[in-house]
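There are two complexes below, and they share chain A, which is joined by chain B in the first and by chain C in the second.
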Partner chain A sequence: MLQMKDVCKVFRTELVETHALNEFSLTIDEGEFVTITGPSGCGKTTFLNIAGLLETLSTGQYLLDDIDVSTLSDYQRAKLRNQKIGFIFQSFNLMPDLNLFDNIDVPLRYRGMKAAERKERIDEALESVGLFARKKHVPSQLSGGQQQRVAIARALVGNPLFLLADEPTGNLDSNTAHGVMDLLQKINDDGTTIIMVTHDQDLASQSKRNVHILDGRISSSDLTTVNENAEPRAVFA
Partner chain B sequence: MEIGPILRAMIRNKLGAVLITLQIAFTMTVVINAIFIINERSNLMARPSGLDEANTFYLSSVGYGDEFNGVVTVRDDLERLRQTPGVVDATVTNAIPVSGSGSNTGVRLVDDEAAATSFAAYYRVDEHAIETMDLDLVAGRNFAAEDVQWRAGSEAITTRELIISQQLANNLFPDREPNGVLGETMFINGSEAHQIIGVVEQLQGPWPSNSSVELSMLQPNSSVGSSATYLIRTEPGQRDRLMAEVEEMLVASNSNRIIRDLMSLEQTREGSYRIDSAMSTILWAIIITLIFITSMGIVGMAVFGINRRRKQIGTRRALGATRLEILRHFMVENLMVSTIGVTLGAILTIAFSIVLTSSFNMPTMAWYYTPLGMIALILIGQVAVLGPSSGAARTEPAIATRSI
Partner chain C sequence: MLFYYLRLSALSYKRNPILSSLMVLAVAIGISAYMVIYTLNYVMGGNPIPQKSEQLFHVQLDIGNPNQSFDPPRQLTYLDSMALMRDGRASRQTMSSKFVGIIEPENPELRPFRSVGRGASADFFAMFDVPFLYGSSWNEDADTNLQQVVVLSRELNERLYGGGDSTGEILNMEGNTFQVLGVIDEWNPVPKYYDVNNGPFDTGEEIYLPWNLIPSLELSRAGNTSCHKPVVGVGWQAFLNSECVWIQYWVELETPEAEADYANFINNYGAEQKQLGRFEKPLNNNILDVEEWLIEQEVLPDETKILSALAAMLLAVCLLNTIGLLLSKFLSKSPEIGVRQALGAHKGSLFIQHVIEAGFIGLIGGLFGAVLAGFGLEGVKVLLGEDLMQTDWIQLDLNLIAITMLMAIMSTIVAGLYPIWRACNVNPAIHLKTQ
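Moving on to the complex of A and B:
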């Protein structure tokens, strides 16, 4: 589903050249729940940006659902993001001036879906996160945990190939964070692949596999003890 | 299209949009009415006087001393002028069209002071006036030399022939063709009965701002005293040269007079319409300033809105928006603000126009001003917001994951 081989990402300024990812290779299969951990500046967010087609890679190969994304135009990458990837951000990234219904509607509109189908999907997504009754509310009327559940509903509403979560519990208290993690676990149990960047080892231990990054390279890729029955995945490292 | 969500978001965050909407409405009201006023002024200024203005000039001769003989001088001067190479013709006159200075009189069809009276300007000229002024005689005949009365001082007028403008003929005899008014009698200067012998297509009076500027007539007589005004038409391109030459020639021909007020008809027109012209310039300055300020307001609101929502734009890009869709989002947002603004502006424009019409006796504004103004302001808004929107469209989706 997601294959990166020898991916490099170099940021250049006039004075400095930074290798954010260096010969980074990773394969993630359908149905996995993979956490990406590592210290600050190790390349977690760069990996997430490249995996989510938010940034281009400098060298190497990235196959997303067998499509070589390095050859795609900006337009094609936008369309691929819309159809294949669901994003969950640390700060939720909801539109403050839009109500919950319109927030979840955003990716579906970019897909050009008919209004009736959009409404059906949005209602279903809001039901799944327990916020259907508040669909006319704006994000500021919700708690942090509720806002993140809306963001999860928005990520799920388009039936993506996988979810990319960037520190999804980073702005939440521990109780709420556990609630969000439980929700993500349930979503994964229902068959959705999840790739989650986090610095929280406790949360990482709740996933099926943890990939640890150090200096732009994978330092370890281990199955976590929670998922004893899971099959090990091939890793390029 | 995201009209629904954009509108709902705008309602939740309405202060900026309301201010720009009001600015657009106010701008449209002022701009459309100002353009209408300018067009009205331009139409007035563009009205032909009936004369060959580009090739015509005039000057005044003022005699002094006991040796000065007005009648002889005028006849000699006219003879010299007509024989000057490059001069088409010359006449003596009591007034100059569009100059702002002249004479008029009440005109009636019956000798009854209670009867309806029109006021018409009159030019006291000789038989060369039609050729000098380059007037188009559409009916009747020109004055003959023997029709012209050369009067000394306050000698009574004995001539009874008149050539009138077609507009005056239409006013007096609404249902008649120009030929149909020939031979009719008009009473002017009280009870003086005069006969219409000719009709010219157009001849404006001396007062351009007067509503009866098109009502005028020629009388075949000239009061010759110490001063006289000569109107001279030249061949095309000869005017400026001849203005200097003629002045010099007349000065040299008689040492008992001075020449003054040498001026072309174009200069006269420019002077007479100077206030209208200045008003148009001021109104254009107001229009340009208002449009500039409004455009800057739209740009400012767009830039502020885009900067405020930079992370939202990145998020939209991350969720699958193409650059074109981001561009369209902000263009549609502006289109909606502009549409509300110009709709409100249209109501204000029409209301303001009604006030102008009723208060200042202005003509009614043509229907197309308002829709054209609406379209123009919407286009200006779209052009103004294009730059900021293009900048927004270049936002990288990776901004969505940054802590900004």
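Moving on to the complex of A and C:
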């Protein structure tokens, strides 16, 4: 589903040349829940941006659903991003002027979907994160955990091939963070592939595979052991 | 998506109301200043009779002093006018000149008053599409037989007869009686193309009568008179025989062939007069249609050109300010643009969204600009004053309001192109992480 082979990403200024990713190779299959960990500046976010088609790679090959993305135009990359990728950000990135319904509507608008179908999907997505009753609220009226659930609904509403989550619990307290993690687990259990960047080893241990990056290269890629005896937590904060 | 983008524009306006209002104000001030001057130019320099301006021709015969290199005089002598009228070569033709007379109303409540009139040939009304409220104009017999008939303006009819149908009434002027044949409706062509040398923006005349009555009744002439040779003798007959020019002469020529024929005709007439020793300069006769005549006469004062340039500069300054404000507004939206890109917006759709947002600001600016321009034009009327010239025509019509809106929208979009281009080319990755 996602194949990167010998991907390099170099950021150049007049004085400095930074190799954010260096001969980076990774394959992620459908249905996986992969966490990406590593110290600050190791290239986690660069990987996520390239995987999300927000940045271009310098050299190497990236196949997304068997499509070589390096040859695509801005329009084709945007279309692919809209149809196959859902984003979840650390700071939620909801649009403050739009209510929850309209926030979730944004990716569907760019897909050119009819109003009736959009409404059906948005209502379904809001139901799935337990915020249907608040669809006319604006983000500032919600708690952090609720805002992140709206962001998850927005990422899921287009039925993407995979979710890219960049520190999705970084701005949340631990209890709420666990609630969001449980929601992501549930989404993964339902079949959606998730790739999540995190600093939190505890959260990383909850995924099926953890990829550790160091200096722009993969230092380890291990299957994790899920603690089956852990206390059940509330799904929503 | 248009309505979606318009809704986003309204939300964006609400998010930064002060910044957005400053942009609206800048656009409104620039556009209103420009539209005030544009309106003056538009009305003063417009075509006052577009439906047939290419068929109406002003005639000039070069009867000037051979030692001076002036263009042909604007008007004709009585001798030449009568000669051209007698020949009747055009499908319609008219002599025309101003006079003043004292009207003595029959109504005892009204005191005698001075009135400005125009002597004209019977064709004058049909040539210039003069609309009639009551009755009609006189015919050629009245011209030839010196029938004492008049046509009144709507205003004079209002004053003398309370606005009713006055056809058949008898009017007393300068000790003579005239029968009222008709009353013309509102008719104030701007500029007054048929007599630009006597005030192109003056109000129209109040009373019209057959031209031949002016000399026969020895009415007081009004308007410019120019003589390149002294008048020999005294009295009306001496003046009529002189080389003084004081009569405007217009012809209606319906086809280019007729125009060419008429040009040949007046050149032949000029050559004949040269042979007779009257015309001493080389042939330089003109027939100019309405628009050519207005351009040739430079009806628009030079001041309007200077004012146009100043207004355009003010608009440019306002738009430069708008560029700065739009840059600030759109760059502050970089995080949102980044999110939209992540959610599937391509640069083209973001560009269109922000062009519509700039156009939305332009639209509101245009609305305010139109209101300000309305006030500005009222100010111009006060400055010009009714004594200097008629000012009723100085107003925004639907065309001008549409032009104001279009100009405001287009100029704001043009001003927004660089800020939009900058905003759409931000790296979304940077803003998604740091928002």
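To be clear about the criterion, the second predicted complex is superposed on the first by the 226 of 237 C-alpha atoms of A that agree within 3 Å, B and C clash if a C-alpha of one lies under 4 Å from a C-alpha of the other, contacts with A are read in each partner's own complex, and residues count from 1 in each chain.
Here is the rule we go by: a contact is a pair of C-beta atoms (placed from the backbone, for glycine too) under 8 Å apart; a residue touches a chain by one contact, two chains touch by 3 or more.
Since the model is a prediction, treat every value here as computed from it, not as a measurement.
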{"item": "Clash or fit, chain B versus chain C on superposed chain A", "value": "clash"}
{"item": "Contacts of A:44 with chain B and chain C, given as first, second, both or neither", "value": "neither"}
{"item": "First, second, both or neither for A:149, with chain B first and chain C second", "value": "neither"}
{"item": "Partner chain in contact with A:75 - chain B first, chain C second, else both or neither", "value": "both"}
{"item": "Which of chain B and chain C A:135 touches, first, second, both or neither", "value": "neither"}
{"item": "First (chain B), second (chain C), both or neither touched by A:99", "value": "first"}
{"item": "First (chain B), second (chain C), both or neither touched by A:109", "value": "both"}
{"item": "Which of chain B and chain C A:9 touches, first, second, both or neither", "value": "neither"}
{"item": "Which superposed partner A:212 touches (first chain B, second chain C, both, neither)", "value": "neither"}
{"item": "Contacts on chain A seen with chain B and repeated with chain C across the two complexes", "value": "45, 49, 52, 54-55, 74-75, 78-79, 81-83, 87, 89-91, 93, 95, 97-98, 106-107, 109-111, 154, 166"}
{"item": "Complex interface listing, chain C residues touching chain A", "value": "1, 4, 11-12, 14-15, 335-336, 338-349, 427-429, 432-433, 435"}
{"item": "In the complex, chain A residues that touch chain B", "value": "45, 48-49, 52-55, 74-75, 78-79, 81-83, 87, 89-91, 93, 95, 97-99, 102, 105-107, 109-111, 138, 154, 166"}
{"item": "Residues of chain A that touch chain C when the two form their complex", "value": "45, 49, 52, 54-55, 74-75, 77-79, 81-83, 87, 89-91, 93, 95-98, 106-107, 109-111, 154, 158, 166"}
{"item": "Complex interface listing, chain B residues touching chain A", "value": "2, 4-5, 8-10, 12-13, 311-312, 315-325, 396-398, 400-401, 403"}
